[in-house]
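Here the chain labels run A, B, C and D in written order, and each chain numbers its own residues starting at 1.
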């Protein structure tokens, strides 16, 4: 079905999406699987948040995030910041236009540095745009726990045109 | 409990683990969540395999792996290759010794290049050791679909001492 | 002067350049400084070559390439492969057209892995295109000495449109 | 000669080196070639500085730093910060001890992001330690021109034990 591919209709809520933000903050299947929520920040950006869970850990009983979870979350946030950066200034435009613009975002590459073991109860990943080009964004990401301890940092390049 | 932290006893199977390989190939909670299996290769290395699933996709109905899944899987395989590299030559030693050695592996950093959209039915990630040092391993990773199309490549640095 | 910026005229040789290859293989000031030559390869690609020199070493008397030399050379080769990739199929077109196309190449980011100390008498850097897109190239680079020992590997993303 | 390899004696100045800082700030052959000086910062760190020069440019008359110069300078600064980090707290110890400790620093890998064209009259590269481990340092580097415009950023992993 067409609305499967262009998700202007939210099957979960049974209602039409009004804009890119509504789409971004909806927990799609993979975000659901990982327990991730997307939230707005005070400076008109986005962050993601997720709680510690047994099945995000490499070893049972260790309560340290598996490395793959760390890179995954940094990747997700990078994509979210890039997508939001593309549509935040056109929130008054039709949702189809916003979706089209989000659809141009492609992650080219990413580096992750694992600085500390992933211990904590709740984690947030935030990002900032280092290069704001017409064709390319470079975004720096940081994963912290609830004590604001920096667990990992990332930097990624995103094609936006 | 102690055996939670040092998993010599496999609660799932109700039996003692005999070696590092048995531990590696056991699907721990996060691998279970992602649908990943670890398998031996013909050249005494390891690979991971996972099937396409709706909840590994960024958008419902698109059937393209979410970017976070790609980086996550490359990260998992890198860690698996590094761990196996550390214990493959001591498979006749006590499992505790193997576990201790696996426990020294730390991912320092990783780069992922997303080369093609993550389309396919089944994916494998393989890796090879570029630098085989006493303190550090550098491992190159490749994620392919069932048609051997190269979807993403990674390179990571692992501390092993 | 105009011909300073668009180097169709080769002041060194006192003659007009005929194509992109002629431009690429000309040793411009920085390549001169580093002692680098650009050469064609059998498979219609380019490589760079440079001899060991005292002033490419970090410590006098050590005869190991300074790390900065390694990253510099890998960067130079990556740019050369990207540039050549853009013009190799239009060698029969006017040099201005080739120059224009070379001029669109921008290095976005690069990773270098330093695998072995930079010992040797003569070094070559070669590269291959991993992603051959309309907008982006991903190129892998390798620096070897005259014994074909792999000293460093790189991977870079280049914008070409 | 032995003092060629362990440079406690400064042939240029014809005097004994008193400590690591004196060694670091001495312009060895490659730094001389590139026109680089190493300087202390107010917060007990180091930076490097170099002026624009024709032979640091990719194209004559363009006055934009060649990409290889950018990566080279970021690499040099990363190594300098790592080295200084290892010896700054033992400046009262014998120079041989400081040299020995500096000698353990190995660059493992580095990423450079080229954010803006390298235009300017004078450039500085500064760095800060993101991960301060017993075995590994992770350092972030920034290359700016005299107007403090951020031209490139880097992140590198250094083995120190």
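Observations, loosely collected:
Criterion: contacts are C-beta pairs under 8 Å (C-beta built on N, C-alpha and C of every residue); 3 or more make two chains touch, one makes a residue touch a chain.
Here the structure is a predicted model, which means the values were calculated and not measured.
To fit its Cα atoms onto chain C, chain B must turn through 180 degrees, a value rounded to the nearest 5. More inter-chain C-beta contacts link the pair A-B than the other of A-D and A-B. Between chain A and chain D the centroid-to-centroid distance comes to 35 Å (mean Cα coordinates, whole Å). Put simply, the C-alpha centre of chain A and that of chain B have 23 angstrom between them. Residue positions 108-109, 111, 113, 138, 157 of chain A are each in touch with at least two other chains. Residue ranges of chain D in contact with chain C, taken from their complex: 1, 4-5, 7, 28-30, 32-34, 54-62, 66-76, 79, 106-114. On the side of chain A, the complex with chain D involves touching residues 111, 113, 115-116, 130-131, 138, 150, 153, 155, 157. On the side of chain D, the complex with chain B involves touching residues 108-109, 111, 135-136, 138, 157, 159, 161.
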